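Look at the two complexes coming up: chain A is in both, with chain B in one and chain C in the other.
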Partner chain A sequence: MIRNRVLFALAVAAVAAAAALPFLGFAPNRLLSGRPIPLSAALDPPWGLAVLPGVWLLAAPFLRPGRGVALATVGAAVLLASGLLVLAGHHAAQLASSASPAARTSFGSGFWVLEAAALLAALDGIRRLELAPAPRIAVGAGAALLLAAPLLAGQLDQLSILKEYANRRDVFADAVVRHGVIVAAALVPTLVVGVPLGVLAQRRRAVGRVVFPVLNIVQTIPSIALFGLLLAPLSALAGAWPGLGISGVGLWPAVIALTLYSLLPIVRNVAAGLDGVPAPVRQAARGMGMTPAQVFLRVDVPLALPVFLSGLRITLVQAVGLAAVAALIGAGGLGAIMFQGLFANALDLVLLGAVPVILLAVAVDGALRLAVALLGRSPA
Partner chain B sequence: MIAFEGVTKRFGPWVAVDDVSFTVEDGAFCVLIGPSGSGKSTLLKTVNRLVVPDAGSIRVDGEDIAALAPEELRRRMGYVIQSVGLFPHWTVERNIATVPALLGWPKARVRDRVTELMELLHLDPERFRNAFPHQLSGGQQQRVGVARALAAEPRILLMDEPFSALDPITRGTLQAELATIHRQTGTTIVFVTHDMDEALKLADRIAVLDHGRLVQYAAPRDILANPAGDFVRDLVGREEWGLKRLAVETAGERARPLNGSVPDGEPLPGDTPLRRALSEMVSRGTDRLAVVDGQGRPAGVLHLSDLVRP
Partner chain C sequence: MRTVIAFMLGLLLAGGGAQAADAVRVGSKLDSESGLLGTMILQMLEANGIPTENRIQLGPTKIVRSALLAGEIDIYPEYTGNGAFFFNIDSDPVWKNAGAGYEKVRQLDREKNNVVWLKPAPANNTWAIAVRKDVASPNGLASMEDFAKWVSGGGKAKIAASAEFVESPAALPSFQGTYGFTLKPEQILVLAGGDTAATIRAAAEGTSGVNTAMVYGTDGAISALDLVVMADTKGAQMVYEPAPTVRAAVLDKHPKIKDALEPVFASLDAGTLRTLNARISVEGQDVKQVATAYLKSKGFLK
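And now, the complex of A and B:
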């Protein structure tokens, strides 16, 4: 009998992918399309044993759910995810030893499905464990370390995504920094404008009735269109006052567009957080003789903080993703690598840009979720 | 002393409080009673300026409160509300210490005061000091609410239906404890309720409000003996008027002097309400009860007929 449908669905998808889809692709150079290599061909011992934890994951959907099973599932899934990387890296190294330096081994669709299934299984297990913040940090850090280990150990160096990285080491480091700068530069005006606007919208309903529809409409504008819309006025501004250092392309429009997108979740969650402060608590605070500023700082702010942080999390994850698109108007960042790959039809280059964006978003998301959980646990 | 003079408050066309004048003496336990919308809660909030009257004045110890900074005024008064309104992100200790902290008391003094208040309200300091409000029962939360209001030793305590949301047993216990605290501290209490039994049990002065107007302001037994019109009579409850009347007089007041034999059975203390004495007679199947004074010495005999003597 199936006891865990999520895990069962993942197991079915993984088995199908392992059987039918190529695990790796091998091409004589980066421009030619590769020859598919199935998982079975890569499974020679001893490295083939790396997929052994998968056996547990095939059995787990049928076991009675419990903390023990969930913990074992998390462990097996993370080991499998890490093992798949090791296996791919090792096989790539084997292929490289008997081919020309220009030959490329890249991840196949089967690898991606298997890796995604393993990571989702791990997430499902972590959710079922219902851990307190401290052990959750420990499990998360352990999993991240295990997944990063093959990369750090150089096990993956012969895979084409890392060959692309090796060719662009400096560009890559600059792009990561630049990406962070774009997000941070947008965050400052977002907070400076968004937090007071949220407070105002919650206190004066009339303000909210104007602000929220406007920000909602901004959200619906596709990012490319918004970048385009900003191009004209900013170029005009740059033409009128060259001294400002403003330009229609580059960092400025990216930061402005990102700020416009980021305002909605921040304003909305500041207002929602303040709305959630119980009226009797505020009344008691006033009745005790707190000044309006004291009521705000000692009661409103701490009680609205978790909801605000959720808004910040949404904003940052969204901004990390949107900043990639901003490369189209010359803002740079990881998106630039991504688009370079897209236009050159070099899939591994696309991945070199896209994977760090995903990892960055996941890291931001995890860190802020943790902050919310910590606040919820020990209100101070 | 709190003196209301022609206090009026309107919300739009609605007159919540209509030209109310009366004086609450120092150390009094004054209950404001009336149905929903009678303006009792609004009137209470004019005392700590959570509501600012449109007309009239309120003087506390001779000082017009309109001339004081609202925060300073509020820190001098305790305030308890029905929904308690404890700060959910603060421990019990920090909640109780709210006003002393605002007043800048030294830490050691605050801590001692919190311990003292927790003991006064029967909250084990060791167990509850560092607990958060959500870990407490409703009754315990309101105990913390009362302790918080008393923290800075206010001379005036404002209570807005503080026990209405509690179960009858918890409510009874807290009422009794509040009466004791009132006796011990001599704090002037203004207490809002819609429950006449609660008013009769606690008050030494009852202010009856109807549609924002003060209908009657008198001691409980005067309210019962001479209700000002049908409204007050209805509020008291016509059917149970007699029993309520019995509730505000004591066995000691009605007992006749000792004359010969003392009735058998456990004697009643002199301060037992007559209503309770009647209940004892019914449950013991007797028409006579011995009454003793505060030291346990025989003080008289209460006959069933004494209860109905005018």
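And now, the complex of A and C:
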């Protein structure tokens, strides 16, 4: 009897991936494709025991659901996700000991499916636990620590992606910071323009009828095209007033393009949040003698805040991803590492840029979800 | 609203102004050879006591070139043949001659943009055709003339190339016209994106029966993966030699740049660049270590 269909589906996918897909790929050098290595070849003891928590995950779909089972599932799933990393790192080290320094070991498709299944099982368990914000932070931090442990302990150093990291050690941190700076620099004008525009659009319907179609159209322009379109006018502007410090490449077009993309979710959610404030509440506040400014600050703002915050979450997650494309116009950041990898046909270098972008987006998403939860209301 | 605009302008101005005042900003394109040459420039300037700012692997050609012209960066390595496209005169035969092409672009860029081209490396990183060694050796293929004769005589060549290489009149059509051969559509595998790392890999691994690849003359992977370049004996291709391009104002301020860089670039012939590129793209060594090791071995760095 299947009691948890989500876990059952994940278990089936994981077993199929473990049996049929390569766990690792071993290539004689950075350019050639790897020879596939199945999970079974990497499972020699004692490190093979790292996949043992997987046994619980195979049994869990058939157990009666409850908090105890959910908690054990979260624990087993995180341990498995971490164990798979350890296993890959250890086998890579073993392969490296008897190969030329140019040889590369990369994650195979089987690894990715197994890792994704384990992490999704953990998320399913956390959802079922229905934790309050504080314990949720504790569980999340614990899981993150367990997953980062093999990396921090140097267990993964012989994997190709970390060899790429070793070559870029002194620019990697700068790239991450730069990525954050691009997103943050776009956030300021987005809020300064977007919030008043949202309020205005909600109060004056005529403004909304103009603003939303325009922002919708902006949203449909492909990002590379928008960056390209900004190059010419900004370069012209820079030529006309060289003293302004404007230029057609680098941070300027990146910030302007990201701001244009970010306006829609912010403006829409500010307007939607204010729309959601019940008219009787406003009338009651007026009846109590509040001035219009007081009604806005003490009634509208607090009640619209959760909807606004979920708009901010969408905006930031979108901006973290879009900022990667800004590398094509010389803005730097993690996108620059991704494009170097694409140019050199080095997939692990692409991953070195892409994985931190994903982690950054997940972190931003989690932090703002938590902020919404702490406000004690569910987002619209 | 006015305060909002003033605030935004202030913010962006502060961002734009936050640059080291005196440092020479060294840029490069995204590919690994450009990264290597940019790193060598950076290390040589530092060794000569010139303060630098690292803008290596800034973006694709269009971005890096606009950044130089806009004064966003001060120096980066560029290929002589690209002058044909910067000045929109790609039909001019001058680009097929190394010396004349360099003179042309040196003059034009100095007059129109105040950009100085230092002496290029004697290494032609132009489009070329390379064949698997196990195909080239038994058929005696060493030059494009051999290749054309082989293909016209029914040789089973199958080339992996980018769409640009296949379609641009300056690339494959120029080879076919100059040497008198035609590759049938089923003998051409167009790879999306189509960088030479992908085409060389396809030939080395024999993907879809590919035995020939579009390459660049100084690609590191060519000999590492057992391919043989067909010599362009009749000069069908434009010459692309890498040279430092620097803003004249910066060169005037730091005249040492010229003496520091020209002997380094003069030492980089095609074979040397191929070996260095292979260390980066095939063996996966660190660009900075490869640059330092080379500069030290030649005595440019102590």
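We adopt the following convention: the second predicted complex is superposed on the first by the 376 of 380 C-alpha atoms of A that agree within 3 Å, B and C clash if a C-alpha of one lies under 4 Å from a C-alpha of the other, contacts with A are read in each partner's own complex, and residues count from 1 in each chain.
Operating definition for what follows: a contact is a pair of C-beta atoms (placed from the backbone, for glycine too) under 8 Å apart; a residue touches a chain by one contact, two chains touch by 3 or more.
Because the structure is a prediction, the values reported are computed rather than measured.
Peer 1: So, does A:R286 touch the first partner chain B, the second partner chain C, both, or neither?
Peer 2: A:R286 sits against chain B, while chain C stays out of touch.
Peer 1: So, does A:V86 touch the first partner chain B, the second partner chain C, both, or neither?
Peer 2: neither
Peer 1: Is A:G330 touching anything from chain B or chain C once the two structures are fitted on A? First, second, both or neither.
Peer 2: Touch status of A:G330: second partner only.
Peer 1: Could you look at A:V255 and tell me whether it touches chain B, chain C, both or neither (first, second, both, neither)?
Peer 2: A:V255: touches chain C, not chain B.
Peer 1: According to the stated criteria, A:L95 is in contact with first (chain B), second (chain C), both, or neither; which is it?
Peer 2: After superposition on chain A, A:L95 lies in contact with neither partner.
Peer 1: After superposition on the shared chain, which partner residues are touched by A:A238: those of chain B (first), chain C (second), both, or neither?
Peer 2: second
Peer 1: With both structures placed on chain A, which of the two partners, chain B or chain C, ends up touching more residues of chain A?
Peer 2: Answer, by number of touched residues of chain A: C.
Peer 1: Going by the contact rule at the top, pick out the chain B residues touching chain A in the complex.
Peer 2: Spelled out, the residues of chain B in touch with chain A are 48, 50, 70-76, 79, 81, 83-90, 98-99, 102, 132, 145, 148, 158.
Peer 1: Inside the complex, what are the residues of chain C that reach chain A?
Peer 2: It is residues 1, 4, 7-8, 11-13, 15-17, 30-32, 35, 54, 57-60, 63-64, 66-67, 70-72, 193, 195, 197-198, 200-201, 204-205, 221, 224-225, 281-287 of chain C that touch chain A.
Peer 1: Okay, in this complex, where on chain A does chain B touch?
Peer 2: 278, 280-291, 294, 298-299, 302-303, 379-380
Peer 1: State the interface residues of chain A toward chain C in the complex, per the touch definition above.
Peer 2: Checking each residue of chain A against chain C gives 29-33, 101-102, 104, 160, 163-164, 166-167, 171, 185, 188-189, 192-193, 196, 231, 235, 238, 242, 244-252, 255, 327-330, 332, 336, 339-340, 342-346.
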